[in-house]
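So, here's a batch of structures to check.
One chain, subunit A, links the two complexes that follow: it is found with subunit B in the first and with subunit C in the second.
This part shows the complex of A and B:
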């Protein structure tokens, strides 16, 4: 979108005052037209405050999920049972940190600051994906997370590669590429277990039993109860409903579970010839809401670890900042 | 090396002329491989705990490089997973320096500084020999140059940052100093200039520490009875716990593949 550029001297975030009042309707209709024409909105383009706020909230929540999501998997780095698996897992956890970095950068293009967003995460004012409030109890959980959780993330995020906001869409292209590696690696890990000893097979089945339902909840509440969906669809931040994406994910997973030689823990799961899709059982939404409100098995633990890492790292960040100041002063002095 | 005539499980068993290098080569690969394996594991413990997101990425990068080196080296000495997961503490040949617990970020950086300068010099020399480890060294030398740069930059930031970071960096450098002498004990199978390496190491580390407004620790560079002990299989207490964690799952499923 190139039509509604703000001159850099005006305050692009607050079009409410003075002259902006008269400009707003024209800008707004240019914005609406660009979105309708599937053009990309770029950081310096005019955008409605609510659009900006929605994006910041969504991108921040996504970034927080990437960095909190490192914890359940990092839990197994020091115990990975072969050096090859250890290397794959370390690289995966590193990728998630990288995703966090791109996403915080994307949020910064909207005027947010990483420090401020982290404060909001640490104080509970912003959320992260509830899936990471479940524990990784065995090695097989690393595989189940890769296969199901990264798999669900991809299903959610592939449409975001066409999101109306340029920097977010571009970040998603890169992220999705890496998530699909993670998904395949998780699948391959589970396959090795499933075809391994009886104890390994049982470990894989147990992990899938525990992660299946929480993975379905990753798509968010049913469409009827989803609070932000409608406006996000109009803005092309969101392109498919929660239930559509959930259905797509179930249809992808069923044949993969068969190839894995593992079962999905849902007696009502069956192919519906008429719909050309799988029917599946009712999701326990009371569990979803309860975990979201803070009562999941690991909510407290995850946020405590995050906060502690941040607090214990404060002196390091202060030192780097102090050093940078000294360094630039010295440069100036010698210049 | 032709892999067929000698069994790695019985080094020194046969007098075949083509294999005289093998036991010493295995010992050298094991020593360097264990260094890389153990330090990679320690750095892996930082995942999810680093002071800033960029350092999650950087520390994981270094850990991954080291793990890659360890896998090549251990595979030269035998089966990588058997060697990593089924040896007892006393059979590991790594330096005591690399097994030291992470401590705070400054402590980790001090360990990185001491070790990465050593590894850069060692691989640099090794790459120019006709050793069978030379190709690995030639590739790794580029990786460890980055590790050294990372450690040096942080030593400067922390040493010449705030009063608190200065003090923490000083404590890290002091605490690990006594593990640095062991690095220059010649490793059998590596025909290198160990004395020259010690001199270059001391010169570089001194330069960085002084630039960071700190001073080179004054104490001895090895403990009284444990000098050179890591290379001989004598380790420090925390190492057993590290191995217990690292090996537990693998050992719980004998014969399983992953």
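This part shows the complex of A and C:
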């Protein structure tokens, strides 16, 4: 085992969880001043209970999305068309697991417990991104997810690298670096199909047709209906509105689709000279709310599989813990 | 679900290349130090980010308190003469 010769000067953990909001107003104004000055809030700093709760909810939902997001793509690992594509897809799915772990760790710095978070996911008390409740019907879906779903995620996550809460911001820096590979592999995959046989081209187009609108919904409801946005902007957890990020994503995707030789399934999509942005059609929010409520094509399947993986892995966790105890006892005995 | 067996938390420090010191990378859960090292390798060095890893039980870290950061770091706040820029040196004097 490696030994640290000197204790690190900062402890990243063990916040005074749930520190009373009755703290002196001086603490609150110090917090407000730090946020206003674009400084970072760190785990052991005083923070309002509502700030802590908002972050735990958002980071947990983000972490859950990463690990649930492993499922639709893992669905294609055994059927990847080449060893190259298979190795890439495995690396990508492993990255998603890693992203989940970075984020669960960040949530734990706020006093949340890992087991409790997983429990809330398994019992439906905390959500994950609705995008993962859509099925991956063909191999081209792996490409569409990389290009559009990861592309939308990056658009959302880049501003989070400057989030006011230090551990979340640092986790996002790592995630964003790795997501860039995800998006590029998806784009390359779609390009290969688009330039392939007519059947392959049609498969790529079909995947883009199915993933486009759900990807736009990933940015969340329109600003007017977004319940958490305003306070999050004041706290600098959020830096841009849902609609602003969605517009940015559309403008990025249009030329990328052209280079792919594929079309985006929106007859109203066109350049608006005056705004210097693209106009796009109305989003079917009734679908969004319906999937969010649990009526998407795969909600049931995703949670069932997640629970089963957790339960079937229980013996491994217990065995590893028993092994650790046995070895520490043996070490003590020989010491 | 076996919530009673949550593995302890470890802090992970990674040396990105020889000549640099270990830097805090993040944390993870593991049943013991050996597994913590292996998990840290898989979690924090998937792209050659490190040549050496330290793992430390989070409970073993003692930290200064943010509440007293002003008084704690006070002793160095009023000693600008510890910085080279404090001193006036005539123009043209070299190698100082």
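The rule is simple: the second predicted complex is superposed on the first by the 312 of 335 C-alpha atoms of A that agree within 3 Å, B and C clash if a C-alpha of one lies under 4 Å from a C-alpha of the other, contacts with A are read in each partner's own complex, and residues count from 1 in each chain.
Everything below uses one rule, namely that a contact is a pair of C-beta atoms (placed from the backbone, for glycine too) under 8 Å apart; a residue touches a chain by one contact, two chains touch by 3 or more.
This is a predicted model, so every value here is computed, not measured.
Peer 1: Taking the superposition on A as described, I'd like to know which of subunit B and subunit C A:171 touches: first, second, both or neither.
Peer 2: second
Peer 1: Determine, under the contact definition given at the top, whether A:320 touches first (subunit B), second (subunit C), both, or neither.
Peer 2: both
Peer 1: Counting only touches as set out at the top, which of subunit B and subunit C does A:200 meet: first, second, both, neither?
Peer 2: first
Peer 1: Based on the superposed arrangement, let me know which partner A:105 touches: subunit B (first), subunit C (second), both, or neither?
Peer 2: second
Peer 1: So, A:94: does it touch subunit B (first), subunit C (second), both, or neither?
Peer 2: In the superposed model, A:94 contacts both subunit B and subunit C.
Peer 1: In the overlay, answer first, second, both or neither for which of subunit B and subunit C A:139 touches.
Peer 2: First partner only, subunit B.
Peer 1: Is A:78 touching the first partner subunit B, the second partner subunit C, both, or neither of them?
Peer 2: first
Peer 1: Is there a shared patch on subunit A that both subunit B and subunit C touch, and which residues make it up?
Peer 2: Dual-contact residues (subunit A): 91, 94, 98, 101, 310, 314, 317-318, 320, 323.
Peer 1: Per the contact definition, I'd like the list of subunit C residues that touch subunit A in the complex.
Peer 2: Subunit C residues touching subunit A: 1-3, 5-7, 9, 11, 13, 22, 24, 26-29, 31-35, 37, 42-43, 46-47, 52-56, 58, 61-67.
Peer 1: Quick one: which bits of subunit A touch subunit B in the complex? Just the residue numbers, please.
Peer 2: 67, 70-71, 74, 77-87, 90-91, 93-94, 97-98, 100-101, 104, 139, 189, 192-193, 196-197, 199-200, 305, 308-310, 312-320, 322-323, 326
Peer 1: Okay, in this complex, where on subunit B does subunit A touch?
Peer 2: Per the stated touch rule, the residues are 37, 41, 44-45, 47-57, 60-61, 63-64, 67-68, 70-71, 74, 80-81, 84-85, 104-105, 156-158, 160-162, 164-165, 168, 245-246, 248-250, 253, 255-258.
Peer 1: Can you check the complex and tell me which residues of subunit A touch subunit C?
Peer 2: 1-4, 7-14, 42, 44-46, 91, 94-95, 98, 101-102, 105, 108, 113-116, 118-119, 122, 170-171, 174, 178, 310-311, 314, 317-318, 320-321, 323-324, 327-328
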